[in-house]
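The next part holds the structures, each set out as structure tokens.
In what comes next, chain A is part of two complexes: it sits with chain B in the first one and with chain C in the second one.
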Partner chain A sequence: MVKNLTKVGLGIVTSVGGFLEVGSIGTGLQAGATYRFSLLWAIVVGTICVAFLTEMTGRLAAVSKHTVVDAVRGRFGFPFHAWPFGAQVIVDLFVLASELGGAALAWQLATGISIRVWILPITFGIWLLLWYGTFDSIEQSVALLGLVTLSFAVAAWRLHPDWSDVARGLLPQRPQTDPTQHAYLAVAILGASISPSLVTFYSSGAVEEKWTPKDLLPNRIVAWIGMGFGSTVAMAVVIVAALVLAPRGIHADSYQQAAALLSVPLGRWGFTLFCASLFIGCVGAALELALDLSYIVAQTFGWDWGENKRPIEEARFALTYTIALALVMVPSLLGIDPLKLTMFSMAITVLALPLVVGPLMVVMNDKQYLKAHTNGFVTNAAVIAIVVVAFVLAMLALPLQWLGA
Partner chain B sequence: MDKTLDLVRDVLDVQLIDNADCRIGRADGVVLELRQDGPPRVAAIEVGAITLARRIHPTLARWLRVLAIRWLPVSIRSVRLPMSLCRESGVDIAVDVDAHADRRLLRLEKWLIRHVVQRLPGSGA
Partner chain C sequence: MVAFVLVASACGRDPKVTYARLLERAASWSASVQFTAEMARARYVPRAFVHDVLSTSVNALATIRRQIQDDRDVDARSRTQTADLCWRLAALVEEADRARALPDDRALRDIEIRLRAAAQAARGLVPLETPW
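Right after this comes the complex of A and B.
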């Protein structure tokens, strides 16, 4: 029972990186403030895609003891693998830079002191957690602290939304105004939630936790519970923004505009909870991304890896996240706006998505890796649909960002 | 390895593990021995960044070699592991070596441990 509870932690940590980080909160706030509930369907679609992807990659790890990166390099060879690998390293670095900026922004909102002052101690703190911590300790603390983001769900509940209106938003509908920006926000929500790092991080986490074929049922439950948690909070962000910001004509173009969002339903604690949620979501996502960078580099080159090992046992793995963290501080130190960085990161995330997700169509049907647990009809249909979604998003991302952002 | 292997599917790019179950790299290349009295034979597996770069483009491999000589404290010359030391282990290849004792293997890792990681607090040294 306790062992299964710790597995839920992996689902929640992964979902924090998908749904509760700086990009997802930002797009959720804009979607709710501008279009009320009409973009909730994009979160539902994102949740279904991510839950299918995490279940599949968790299954691959539990049966074969190998990760997605292992399987893609093994099956497709390095000359092909170099493309998704290179794309994902670039995406992870940019998103990591955005998350550090988001965490520093939370402190700037709370204290009024510039991001440039906060970025160094926050990055150092994250490095200390990675250097001294184990995968289990990081996973459990992020999962536990991540519960603070439920304050958005409580706020949504206390605002007594018209639930029939909310339910209507679960189905795609034609917007009454500015369809280009509406489409852009839909792409941004999907792009922020279906992140390539979720796929590689979750399978690496399952190998770290030594999952076996006995864990296949828990894996399925964890994938859906974890993503359900992230999705619930992401939808709550949209609902709160729709009920608090939209009536006041605030479009949430910046976090500063949206910071008082929770004060209406939650009183004087609202502002603190908003900053805490933003900070914890961003730190959780930053930990996930820094680890993901080390995972994909180590697995691509066949190095020994594992956050449960001490740095002296896998120096290159530990130094990869160390160098990455040092590099990604630079944009915030130079004063680049975290929201602009986030928007750019989301656009390149969407472009990289087909490269990372596409090979799963082959890998998840490989009997040498998955033995009797290859994809069935439903999961194959799901992965094809996700690849189609990924390609459509990649085609639309840049034109829509240019026209609608 | 006794049974018939598909060279590209079962050998090239596969994870290599040593006697202590430590991941020691991937099969970045294979070395074929041409024989007059029979078909070519796989003589060794090659491990190393230069071999890997050569598979993308020979120029990339040349640049990498020059950069490594100029900037890296240890050689990144590729290592050849004779096929006689290799056997299948699931989807991986087990190599009959002890990577931590073998001076040819994990050169950069060992240098980084000695000169960087070991000197930092909390490294587990």
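Right after this comes the complex of A and C.
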């Protein structure tokens, strides 16, 4: 009982501390600054979907001892699996590049020294953590540090928003201007919330931690309560941006425009807390993404894998995150704006969702893998509906935003 | 799929909205510089950050100005006038950055108001009454 409670508590802390990263900060700032509370619904929808997905993948690992990648490859064969695998590698690389850019930008904001200077030591630091750390130590330490992101929730509370206005934002509404940009931001928020990497990372972690069917209840509680609390932090970003940036007419096209926003409710500490939140959130997500890339590549090709093993025991696993980290430094070294890269990465994430979630849904309804624990109707209907709506919205909004208006 | 994307983008493209967005982005940079100056006066943000915001805004405004000048869907007079506002805004910010000082809020606010009025006119929300 005590062990289970500790597990649930740690899981919730991990979900809250790890929820905010470059995608949720970037999209939340833009959404709040431009459309005030009217895109909060996208965070709610994204959170519902991601809670279902994490619960599902945890259940898959606990019951079948398979990761998502293992199960999809086994169920459909390698030629089919190559498609979701390819899509996820591309998305992970883009998002990892965004996270590294965000972490380096936090230092640029604090010191005025260019991200081109910071990107190398930060990437090296992340690589060292991966090389010497274990799964638990990385997950828990970064998540505990990630609790600094709660400063957004404190800031939102101190700004005394009109809660009825905030509540109205929980329902989708037609914007007064620029519906294309509104839809584009909704897609980006959904992409930031429903990350395919979370699906594969969570199941790999569960297999590494040797979950059993006894873990199903803690898994369910962590997925729903943890993600629920985590999403309130993401909503707080939108609320603070809506109350500080929107009235001043600041659109948050770059992090520089938004970095001082916590100073209004939190005074002298606000700027430091913003930089710390951005840095820790991005480093935490970068660690997860680099590991996720190694997990999916190793599991796809049948290599030894596991962050709890020493690099010498699974050299190709360690080599994968080493190569990935070296590759994703390039956009920051070329001077590509981290916020633009983030918005692009979040948008393509939504386009890749059906490829990753579709096969997973088939596996989750297969009694050979899940026995008596296959998905129920509500889970199937909710996840499929959200992914289809997000994909259709992306297909309509992205071309308009990128090529047209 | 490609055809759908091209048709969708062609139908969705509204030159006035594109132009208005450019002007709003320029106005947003003006507001950001004023906000940063306000926070710097209260000693809530470090000097390095102020310099970062000022230099980033100068670069962003130069890009916006080029985009306005290249926008052939807008009449030449409007383009010249709004591009000039962007240039004046960037010059004010650059001068302050070079002097390691904070820019003149009133001048920034004045240009911001003109840019926002031009953006609203471009969107057809209010008649343009020569805001410059």
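Methods note: the second predicted complex is superposed on the first by the 375 of 405 C-alpha atoms of A that agree within 3 Å, B and C clash if a C-alpha of one lies under 4 Å from a C-alpha of the other, contacts with A are read in each partner's own complex, and residues count from 1 in each chain.
What we mean here is this: contacts are C-beta pairs under 8 Å (C-beta built on N, C-alpha and C of every residue); 3 or more make two chains touch, one makes a residue touch a chain.
What you see is a predicted model; the values in this text were computed from it and never measured.
In the superposition on chain A, A:Arg268 contacts chain C only, with no contact to chain B.
When the two complexes are overlaid on their common chain A, residue A:Pro213 makes contact with neither chain B nor chain C.
Applying the stated contact rule after C-alpha superposition, one finds that A:Gly249 touches chain C and leaves chain B untouched. Judged by the touch definition given at the top, the superposed model places A:Pro161 against neither chain B nor chain C.
By the touch criterion stated above, A:Thr180 is placed in contact with chain C alone, chain B being left untouched.
In the superposition on chain A, A:Ala260 makes contact with chain C only, not with chain B. Contacts of A:Pro172 after superposition on the shared chain: neither chain B nor chain C is touched. By the document's definition of touching, of the two partners only chain B reaches A:Trp303; chain C does not. When the two structures are aligned on the shared chain, A:Gly228 is found in touch with neither chain B nor chain C.
Across the complex, chain B is touched by residues 64-66, 70, 73-75, 77-79, 81-82, 128, 131-132, 301-305, 310-316, 318-319, 368-369 of chain A. Listed in rising order, the residues of chain C touching chain A in the complex are 4-6, 8-14, 17-18, 21, 24-25, 27-29, 31-32, 34-36, 39, 42-49, 51-53, 56-57, 60, 112, 116, 123.
Interface residues of chain B, counted against chain A in their complex, comprise 8-9, 12-16, 22-26, 28, 47, 49, 52, 55-56, 90-91, 108-109, 112-113, 116-118, 120, 122-125. Remark: chain A residues 108-113, 177-178, 180-181, 248-251, 253-254, 256-257, 259-260, 263, 267-268, 270-271, 395-396, 399-400, 402-405 touch chain C in the complex.
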